[in-house]
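Below, chain A partners chain B and then partners chain C, in two separate complexes.
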Partner chain A sequence: MSGCELFLRTAAAAARSCRALVAFTASHRALRTSPPSRAFAKELFLGKIEKKEVFPFPEVGQEELNEINQFVAPVEKFFTEEVDSQKIDREGKIPHETLEKLKSLGLFGMQVPEEYGGLGLSNTMYARLGEIISLDASIAVTLAAHQAIGLKGIILAGSEAQKAKYLPKLASGEHIAAFCLTEPASGSDAASIQTRATLSEDKKHYVLNGSKVWITNGARANIFTVFAKTSIVDSDNSVKDKITAFIVERDFGGVTNGKPEDKLGIRGSDTCEVHFENTRVPVENVLGEVGGGFKVAMNILNSGRFSMGSAVAGMLKKLIEMTTEYACVRKQFNRSLSEFGLIQEKFALMAQKAYVMESMAYLTAGMLDQPGFPDCSIEAAMVKVFSSEGAWQCVSEALQVFGGSGYMKDCPLERILRDTRILLIFEGTNEILRMYIALTGLQHAGRILTARINELKRGNVTTIMETVGQRLRDSLGRTVDLGLTGKLGAVHPTVADSANKLEENVYYFGRTVETLLLRFGKTIVEEQMVLKRVANILINLYGMTAVLSRASRSIRVGLRNHDHEVLLANMFCTEAYYQNLFSLSQLDKYAPENLDEQIKKVSQQILEKRAYICAHPLDRTS
Partner chain B sequence: MRKPVALAGGCPTSRGMSWAQASLLARGLCRGWGGICGAALTGAPFSQVPPQAPRGLHCSTAAHHSDSSLVPRPPEPPRRPAKALALHEELFRQAPDGARDKASFVQAVQKFGQHNVHRRGHVDFIYLALRKMREYGVERDLAVYNLLLDVFPKEVFRPRSVLHSIFIHYPRQQECGIAVLEQMENHGVMPNKETEFLLLQIFGRKSYPMLKFVRMKLWFSRFKNINPFPVPRDLPQDPVELARLGLRHMEPDLSARVTIYQMPSSKDLTGVADPTEPHIVGIQSPDQQAALARHNPARPIFVEGPFSLWLRDKCVYYHILRADLLPPEEREVEETPEEWNLYYPMQLDLDYGRSGWDDYEFDIDEVEEGPVFAICMAGAHDQATLAKWIQGLQETNPALAEIPVVFRLAGSTGELLAPSSGLEEPSPPPPEGQEDEEDSQQQRQQQGQS
Partner chain C sequence: MAELRALVAVKRVIDFAVKIRVKPDRTGVVTDGVKHSMNPFCEIAVEEAVRLKEKKLVKEIIAVSCGPAQCQETIRTALAMGADRGIHVEVPAAEADRLGPLQVARVLAKLAEKEKVDLVLLGKQAIDDDCNQTGQMTAGFLDWPQGTFASQVTLEGDKVKVEREIDGGLETLRLKLPAVVTADLRLNEPRYATLPNIMGAGPKASASGNGSADVAPMEAGCRRLGQGRPVNRGLPCAESQEEED
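The block that comes next holds the complex of A and B.
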């Protein structure tokens, strides 16, 4: 076991030389305050494709690939042979030996820089390992709570001293971290955080009081990243409550746990309440600036999401193996299930979803690994939304293939289904992330279009004529060419049709965004159903870009089964294209497809009475 | 159930239309012949209770007085001996043990049929029975109405030719049939298939009772659930339960909690409560509680009332705890916190808003009113009782202890008081003599509270 660890560490050391730069940038990522101007997703809102960012599909060098495979092999072996997910689910805890083995494999410090004893993996490598770790959801969640959010604050915002003090033990797994943000009254609403930290008389300590709920690793953790309100004296001498992040050790005293929560899925992960009662936190343990906790929390939450794509893809690949086996063996009417069209359809769906989310995840990871702190939070959120929803849909379909036996506890599908449900909820619910995706993009587009929209509103004749002319040309059926196809285009000719669909969608999406901004301006924040559609279109566009980029690369470098990839890519692009067309037409004013008004009315009537208000079908008036 | 409606729908077509036109024509003719026939078909025959009964064709000499009562008075037949009516009365008096319930009513109606094989005087009997229904508590019983209709002889009054149906055939009987249906309507009883069958047998398809029936079928179904705030048909007798119902009826927020601050001391259902300890039932929603907690203690709040609330045929009185609207300069502007949503921006940093074309807000002149913090219903409307309510409220609203409470009560209990509309308007002056007492009580109250 220790040999294995040694092996991993030497491999990591070997990798260090060749990718020192990447590792350096990854480990020294500071808090981002101003995003760089050119980001792919944001440019889509203007109807432009920022080709440089996404074409060609990011590659890793041969050495790095070997290194990744060396990492992956022992981990995969461990997960397939030694981890008993069924038992973890049944008993509601991960066995001690399993945790020890995970620590020895170095999986508790995957993204901790090497100088602090971690593996210092790049985002791409982290995504690759995530594929394996996700084979057991409880372990994946435990590890993610530890390093994707629990200790991430120290990496992102910690001082040198804090890093040196905490990271080595956290990376080795000797200490486990937890992220304490959610409170009974505060989910995503930071203003209602009740936990308070008050500066002691001698100004050397903060005294922390409050309760946090649903803390993963809450009972196991030694180090907590805690967010609490502190009184800050502003520049204009007014006292304000602002959020500050703290690194809290369990040994500081006054830290207690509630009993473990009984959950639907991920039952092996340890979730409980954590209470802080007069916990004395030294001032050195303030994470980032005093009063700067909000940004720290946002950055931590935004940074970890992309990995869900590869994790779900890894799970889906395993799922496809299990389900195909059943479908080929099980016979009905002297035919195996695999011969029925309605069963075949489900496999195509699973393969397509897996392909798209994998492409999106690795494209995003590749973007994140580029030098100069790229802001890919929209992309990461899109990956999260797409992959979590794809996971739920695919697992449900797979269970359907199993039929009645899938519903039984003996079948692993039942557990996977329960485990998958959390993906739609944690790390920001999908609804909230859709708002984030749409609003962040609209903010970007709105700023750039300000001048133009103001001119249109003032009634500048030239601008209006220009816009009308453009609309007229659009309605007369212009062909959109954003330069993806053609000779020496970014996209391989095999998927050129799909690329044209993408270009058309992107162009009209840009037009629609402009119209929406013109119509709603800043009040678009209140139009959540509009924002949902904007986010859905954007997710589809990003997915289309990712698969086109990946399929083009696969064809060009001649990867195995690239024709299959082309099929999947074209299939997804066509589906997404028509979905987008529908969504775009719904976004038109007075669109007959748009049922928002009716939807609002129905829900309003129901919520007013807090019940289903239709009379029973058997009721009579006499 | 669809059949009668369908029939009604079918009516305006060919035959039905000509029938209606013919009847109009006939009415015109009747008016023309006024003197000859001595029959003034005043008013539309379609009206269910014509102010004056159409007489004439069949020379019923009954003079029909309709008065304000729900049941039209039976015609007083001058020729018919008063004995007949008294005889009918006798039928109702014959109940063995003097009980007045459905069984004895049904028995009376059945006896009429047995005693009177020729059904002589059935119209008078039905009118009498209609008036008696309420006494027997069967005014909402469909079966009893059907039984009453069954008293009519069958097939006799059916029009046998077009002329019969044009000139009202047996108007007195038809009118009586309409009166039965009308009483059903007034008590919200929906006729059923049996009613339809009886009417068909008695009056035939083309008759006014049938028309009335069809209309009832049509409109009852449409109006039955027209009230978005339905009140149960049988109101609770217990004043506490009634108050609970009334308060729930007024409060739109479903999270509001009803609290019984004081139970009436004598808990019998007769409603005779000890006047010293009347019931006090209040309602308050969490939002109101929060608003009260935010209230500036320097500004007084008012207990006002009693205001009246009608629940079916019962009137209950309530009091409100309210404050004046804050003057604009004192209102706190709700500012959005800078760091609010961890996941997405709550507002966009753009300098242009919604375009006029997408602004569907109507320009409504809204009159703002001061907040209402709680409502209560009490058995007595004096200040002592209401002070107990305020004391009870203090348990859940600690802020109330610091806020001066002014009682602005209307003079005598049970009197209706128009809600004061303007804020500047002085509260309705309490009756002389009570003012001083009230002031001193108020001061005591405030001293006690502060």
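The block that comes next holds the complex of A and C.
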């Protein structure tokens, strides 16, 4: 009987891989950095859409909106009238008066709580202002290094005493902060840092020794959040090396800087080495728990990451204005550039990317602004990956529109291109983030699936019938309905088609995740190319969700140009749908579209010889 | 000597950096979804009032704006720059289009008397209609002396010395308070409303009043017949290419 066979085969395969699965979920290092809660992305790995997390699209009250708009006006005025980005790039520094004006505008303490002298902005408001500050990348990076990571540790993990002592002067800009994690030998592998903090004899302070590299604001900061290894005695009395975070003042002594780095882009920001030589740090300056520094670092980085989406969207919107102006005025072959299809394509790309980025960023910001401590680290990582790559692609296309003049230093495009390149590298390289996105979700799915597979083993009849039935239905082809469309649907009927595409993708993604876990088990950690596809699919799914949620709201509320939004949303969803289908088919075992084996072979042979190994085309054998 | 009270009128206009588009039916310009901000000359007037207050010559600054609900934002900017109180004379959006210098001057005159101010400051003209009439008409209604196109303002006891930029050069007048002064470009450089000040302006704004009850309803003064782009004179210069689009 085919039903029984199916059952037996499923159960047997499950039993075999079950042990592997359990091993995977148990051994894999916990990447959770905050109290677990049902955020959206993780459930996608199980083929489920947590509708209430993402529909309706987050709204702010009219009062708050008025306040945000009031903030935007002077900041925008300042950036358009008084910031000379070309000069900053050429001279490699931000003028002192500009920094002072930024301080007086209040931009150095945007997220510092009001009681400590800051503006206490919500994530949404911070994202909104980020759209304007990104008009000058050097200033944006300087401000972000100061508050999004430099002093954020004190807000997130600091004691009341530490907050009261340090935040007021940091919020006013009197003191500047820097985030010191990276070392010459430890970039992406942050856990391997060598800087050491040894507890003194009298246990009253730590002595800090080590070198940090590529620290933004390294030369002008007075307050550093430094991460160093400390030896702590574990619960089982073994001595381990764990990272601890410290608030270090330059006045503690022994803090020196290297010379400013000569960078490709963001040349106005100050980046240099920071050396600590026998710096004495009082024990009161430990940030968070001793040994809990890695978690503090991850929390800090996760909390600011999403704002890259709105910052890039703001930059793209300005770019679209500049580029369309040029395309409408410049004529070739007696027609303006704007009439040619290949140019029009570029504008559609820029508009689409900006729309998706905005939607993802503000959706994430809205989730983060919910009460409690929602864990949106995957969502934030997805926003960062999408926006950094979207930015690079769009700026390159915009430069192309300008043609030869875009290549000249007189035109701001070349500077924007150089400034944009760093986005894919810092704040977690996109490669690392893709691994993080994929593995965190797979870990979550693995845990849930292990439970189900245990039940199968135990012979729980309902679970068995469910699984068999599911497999049968899948193989016969099915229509997926996850509740997004229809009379009680969450999306507006105009975008129902795209919503159906999303549902289909999500369902098959969930199935594929299960298959992958069963196939690889623990070893999936090593399969970076598989993980890359998983991450890409997830990023697309999140993007689709964000645009559908936003477009539905725009239609329902009746915002200006909502039919244009529907166009963009449908366009993106269709594109992403087919990309996902391709990635999903590549993830099948023995898929002909999958070239991973060949890729591995080629790279192995090249890396062996550290060179291109083909014989020259002109070579002869004799 | 800080017994003086100042009334500053501010107008919400389309931002100077925006590219103006005429409506297809040529009844006006597109304002929907377009960025608006405080008239630059009004900003200069507010800045002057705030500087006088900082020099302790003026005790209280009241900001006034006539127009639809969005004018609250303009008043709030004035409060963030340093005004103490705001009065919004609410005019429904439909009628706001017909609001002209005559009507606004009447409102300002009434408010100046009601609030017993000693100095009325305005921008010399608004960048949308370029009328350059409101200040003068206000002075007329109040029967107060006026110093227009001011490039320097000095308070001297119960008088105010105003240096005016006129076509022939500079003219200096000494006016007896109370008086009306309109600000010209070189009077000062307005400060930025800092974000902490904008946040602080919130409570000030909610405590401010709505002044529409005190003023008589407006009758339409002039009626706009149409609005369109200037005729292209076909001059061979680089900019004309852009203008066409």
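In this text, the second predicted complex is superposed on the first by the 562 of 622 C-alpha atoms of A that agree within 3 Å, B and C clash if a C-alpha of one lies under 4 Å from a C-alpha of the other, contacts with A are read in each partner's own complex, and residues count from 1 in each chain.
Everything below uses one rule, namely that a residue touches a chain if its C-beta (ideal position, glycine included) is under 8 Å from a C-beta of that chain, and two chains touch if they have at least 3 such contacts.
Small disclaimer: the values here were computed from a predicted structure and weren't measured.
In the superposition on chain A, no contact is made by A:A391 with either chain B or chain C.
Contacts of A:I247 after superposition: neither chain B nor chain C is touched. In the superposition on chain A, contact of A:C272 is made with neither chain B nor chain C. Of the two partner chains placed by the overlay, neither chain B nor chain C lies in contact with A:L538.
Of the two partner chains, chain B is the only one touched by A:I432; chain C is not. Taking chain A as the reference, the larger set of touched residues comes from B, when chain B and chain C are compared. Look at A:L107: by the touch rule set out above, it reaches chain C but stays clear of chain B.
In the superposed model, A:N66 lies in contact with chain C only, and not with chain B. Across the complex, chain A meets chain B through its residues 181, 188-191, 242-243, 294, 297-298, 301, 428, 432-433, 435-436, 439-440, 442-443, 446-447, 450, 453-454, 457, 517-525, 589, 609-610, 620-622. Of all the residues in chain C, the ones that touch chain A in their complex are 17, 32-33, 37, 72-73, 76-77, 80, 192-196, 198-199, 202, 241-242, 245. Across the interface of their complex, chain A is touched by residues 1, 190-192, 220-221, 224-225, 254, 337, 339-355, 357-358 of chain B.
If you check the complex, the residues on chain A that touch chain C are 66-67, 69-71, 73-75, 77-78, 80, 101, 104-107, 110, 114, 119, 328-329, 560.
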